[in-house]
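Every chain is named by a letter (A, B, C and D) in the order it is written, and numbering of its residues begins at 1.
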Amino acid sequence: MPRTTTIVLGVIGADVHAVGNKILEMTFSDAGFKVVNLGVMVSQEEFINAAVETDAAAILVSSLYGHGEMDCRGLREKCRESGIGKILLYAGGNLVVGKRTFSQVEAMYREMGFDRVYPPGVMPDVAIADLRKDLGL
Amino acid sequence: MALENRKWEQTLLEESRRQVLAGWPTGREVDLEDAMNYHRSLGQERISYHKLRRGQQEGVTFLQPRAGVALLDEHINLLNSLEHQGAADFLPTTIDSYTRLNRYQEADRGIEESKAAGRSMLNGLPAVNYGVKNCRRIVAATGVPVQIRHGTPDARLLAEITLAAGFTDFEGGGISYNIPYAKNISLQQSLSDWQYVDRLCGLYAEGGIIINREMFGPLTGTLVPPFISHAVGIIEALLAAEQGVRSIAVGYGQGGNLIQDTAALRTLRRLARHYLDRFGYQDVFVSTVFHQWMGGFPQDEARAFGVIAWGAATAALAGVDKVIVKTPHEALGVPTAEANVAGLLCTRQVMRMLAEQNVQATQRLADEEQVIEREVGEVIAAVLDLGEGDLAAGVVRSFAAGVLDVPFAPSRCAKGAMMPVRDLRGAIRLLHPGNLPLSRETLDWHRLKIEERGREERREPDFRMVIDDIYAISKGMLVGKPR
Amino acid sequence: MALENRKWEQTLLEESRRQVLAGWPTGREVDLEDAMNYHRSLGQERISYHKLRRGQQEGVTFLQPRAGVALLDEHINLLNSLEHQGAADFLPTTIDSYTRLNRYQEADRGIEESKAAGRSMLNGLPAVNYGVKNCRRIVAATGVPVQIRHGTPDARLLAEITLAAGFTDFEGGGISYNIPYAKNISLQQSLSDWQYVDRLCGLYAEGGIIINREMFGPLTGTLVPPFISHAVGIIEALLAAEQGVRSIAVGYGQGGNLIQDTAALRTLRRLARHYLDRFGYQDVFVSTVFHQWMGGFPQDEARAFGVIAWGAATAALAGVDKVIVKTPHEALGVPTAEANVAGLLCTRQVMRMLAEQNVQATQRLADEEQVIEREVGEVIAAVLDLGEGDLAAGVVRSFAAGVLDVPFAPSRCAKGAMMPVRDLRGAIRLLHPGNLPLSRETLDWHRLKIEERGREERREPDFRMVIDDIYAISKGMLVGKPR
Amino acid sequence: MPRTTTIVLGVIGADVHAVGNKILEMTFSDAGFKVVNLGVMVSQEEFINAAVETDAAAILVSSLYGHGEMDCRGLREKCRESGIGKILLYAGGNLVVGKRTFSQVEAMYREMGFDRVYPPGVMPDVAIADLRKDLGL
């Protein structure tokens, strides 16, 4: 594993919420990760291509606008097909339409193959700590 | 055809309309004659333009929520609650994100999945997919004006269908519905597509049907200095007026500092009128819109009510024609009808309690107003300059040069070279002006204000301070404190 | 013994204490020496006086809810939620209505019925019935100062027991806990009984234990003009200081008009200090307390949040040391812990958002301040006059003569000849001055303000206008509109 | 029945909430009733004595402070004992401690013998109309 770990960051689907994405880029960079930020409106293919190209250790998917459930479905399968089936997948933001109990949402995304799922408004430090743990850094 | 700020020829419009209407099967339903007749059948209290005019005459401030769900009947029920339990003065129909990007196929899937799941899987109503006849059911089911709210860079088909359906109010503009809402769409494209929408409204106006067009003031909703959104809104108003739009609302998103917000609302009204008159659009009716806090909300509902109420208080004390209301669910997800009603009731309570009070005229208020007026003047002059007199061309070149700029925007068209931050009292100032065409005097004002905060907090103002400010409201403050 | 404003002799105090402590079995538990030792063991952050001083130095505004239930363990749980989920800076122990009227037998029944029913049948904690040892469990279980809040004309035994238990803060006064809270109790009696309480605090002070004494500013909570509650609070402060009280908080209940409320809070602080100094009590520490809207609340919770938030905004913009917080359940019943926490969180959100802003100095603010100062001066001068120099005697005679008066009071001691009403901007003015000893200049000010409203509403100001004002907030306005 | 109907008004128990009581007095007087207002802190005996003495058609009991449940118990029985067992008894205010569903509260007070029970914040006109109806005025 290279000294600086690469992560791929982006907001999936037709979602344009850019603010959190910009902050995640700044904070993960600050924490020493190499961040490949795809910005907003990123398709599943773009995420995977970027991860493959940069040999990334994790893909951090944001979805704020509510369509996450539809946009994220099948991402893990596509990762497998592209030979990065074991890559860490994190998801965060406002992952479903409406206010729902987070445990439901978490279960749904885990079912979809995400390794970690975050509730609305989680602070970046939490994810940074998790990532270090999951990668054994 | 090169983009310019000139009223479209009839032939161009006709040709474009044919193409647009062919873009999705429901386009076939559009029949202008029938549409105008339907509009003529509406009472004045259901027509935005008339209601806004009456409100201004009587000094009333109106409330409007945001709301839209995937399924038509549910959407109508939702609007009924907002009108009857929430006493909304204006109703919305918020459009889903697939439709906003003209992905009607995906919207169709969203409708199907919503039916299957028994809950809305879309974050709004896919009006294009429903078509004219279905959408008219919404208008028919409501007793107050209904506005289309979206965030669509290319809203031509959406406008065709919803105006034909009888909606009397349409939000958006070539800048404000591109820069915060898209990534790769050029301003040439979006400005031209919005000329179409505006020209379509002009067509209605020629038939005696005045559609209200609202410019989306808050932009990215995140630390946008008033002069930026003012400049954008006024430019969009001028572009719309040129195409024959006769009723224009300009908007502003709450910043949080009462004096700055008051100055912003007062100058917005004055400046919009001033520029429209200056360019010969004296007959255009102008109103103002205030958006309660548009940035990240606190998750706790009691705290969210606090944010909502402070927005309401600001609107009441500063004075404005319409308020767009947030809900206690804001941080968590698309609100339920109940949460939306709660936002309306809380807002109404505060606004009526404060109806007899206002922000006192002080030197500080006068200073803030003067600064905003100077800034807007400097920016618009530079845009016209770059456009060699043409506003539309000027906008495209100005964004490319960073002479117009919007913070935290997803769009590649925005340079993002300017960086805002709050001053000691929470007013939004410029940390880095980027390439904004501001005078030394103006820049000094910003610099001094920010230095003052830096001294107080004993830190060099930088991106960390900005991040603290972005998180601030959701953590219960306005000015982000050092961690 | 004739009532006079003079520090009680030690012998009188001792004799009275013996009687009072014999009034109910738990009185036997009181041991002053043990009590003082317990107080000495408390850290400064749990002592009101110290925390208030620190707050003033650091410019912090503290929040305090109201809360009290019949059963001790439940009460402790309740306070724990308020401290930990609500982040209350000060905690309350609100006393039930039977105890407030020294009906300890009925309070006993209330405890039993509450145990049987599994829910609180009392509107507060019957502290006297629980006694010193039990009450100390409350103090021991909390990390911030806890205040006794009640409404007890004769609070001698309550004070004995709760101060001995280690509470560091005690609300009330011979006027503010009689006139709004009793019907047939003479002021002679209540003033004398509160001299006892104040002298008891003086005794603690001599032992180095400074108990904070708070005067209940809002009185009947209903259209009380600021100068009335200021005059009462200042008189109570002077009477308390004479008995050796060293830390005094004066209070004010929100009126609703921002300028008047700001003027009220600013003058309250200044005037209290001024009069204490003038009568030789320079060593008494003074702080100010603001009560969020004390009149009838709207029933809907979202609307109630609006009222709460506007109270919070006023407190933040005007500046005050402590805010007493309402809850979204106010109109409906004693709040649950959750509702109480919600009131705190909403208030905190607004106050922190506005921490960097304040009401600007304007002529109108200066005028309001000047009027209040003049009014208070006129009233207190008249009271001293009637008392031939003795403040306590003056109070009794003044109420009898209507020279001191409180609107809508249940007490027979209050003449109720004065009648307040709001002016055009919602400030509270005098419709009828009754026998209040105000100068022509002052009366003219009120008259002009009310005439202005009458003209605007095209009606003669009378009791119907007053009723409209009383209902106003619960109906969603501040100034009651003609029906 | 005399042309002007007399009603007895008061706030029961140790309750001192005076504002609503003063307004009820004004509005019922305005509506043409003869109002015997006992003010605040009224005992059951005082209510009954006043009703007997003035030959009142109804007793309107207010309780705001939460102890109403304890204070009102037995009032109907005492009325019977005093020979005015059929007198109309109305109750209004904040009749119990805490926020509870009104139907529960209403049932409880009806059980105690009240003819009409009002939720918090009811407007006087409602009760005036009811009273006219109940008295056939």
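Everything that follows uses one rule, which is that contacts are C-beta pairs under 8 Å (C-beta built on N, C-alpha and C of every residue); 3 or more make two chains touch, one makes a residue touch a chain.
These numbers come from a predicted model, not from an experiment.
Q: Between chain A and chain C, what's the gap in Å when you average each chain's C-alpha atoms?
A: 54
Q: Based only on mean CA positions, could you tell me how far chain C sits from chain D in angstrom?
A: Centre separation, chain C to chain D: 30 Å.
Q: Provide the C-alpha centroid distance between chain B and chain C, rounded to the nearest whole angstrom.
A: The separation of the two C-alpha centroids amounts to 46 Å.
Q: List the centre-to-centre spacing of chain A and chain D in whole Å, with centres computed as mean CA coordinates.
A: For chain A versus chain D, the centre distance works out to 65 Å.
Q: How is the touch graph of the chains shaped: line, ring, star, complete or other?
A: line
Q: Could you list each pair of chains that touch one another?
A: Every touching chain pair, ordered by label, is A-B, B-C, C-D.
Q: For the complex, which residues does chain C have touching chain D?
A: 96-98, 100-101, 103, 106, 109-110, 113, 119-123, 151, 180-184, 220, 222, 295-296, 299, 329, 331-336, 339, 408-410, 463, 467, 470, 474
Q: Can you list the chain C residues touching chain B in their complex?
A: 256-259, 298, 300-303, 305-310, 312-313, 317, 328, 341-350, 352-357, 360-362, 364-365, 424-426, 473, 476-479
Q: Where on chain D is chain C touching in the complex?
A: 13-19, 22-23, 26-27, 39-41, 65-67, 69-70, 94, 96-100, 120-121
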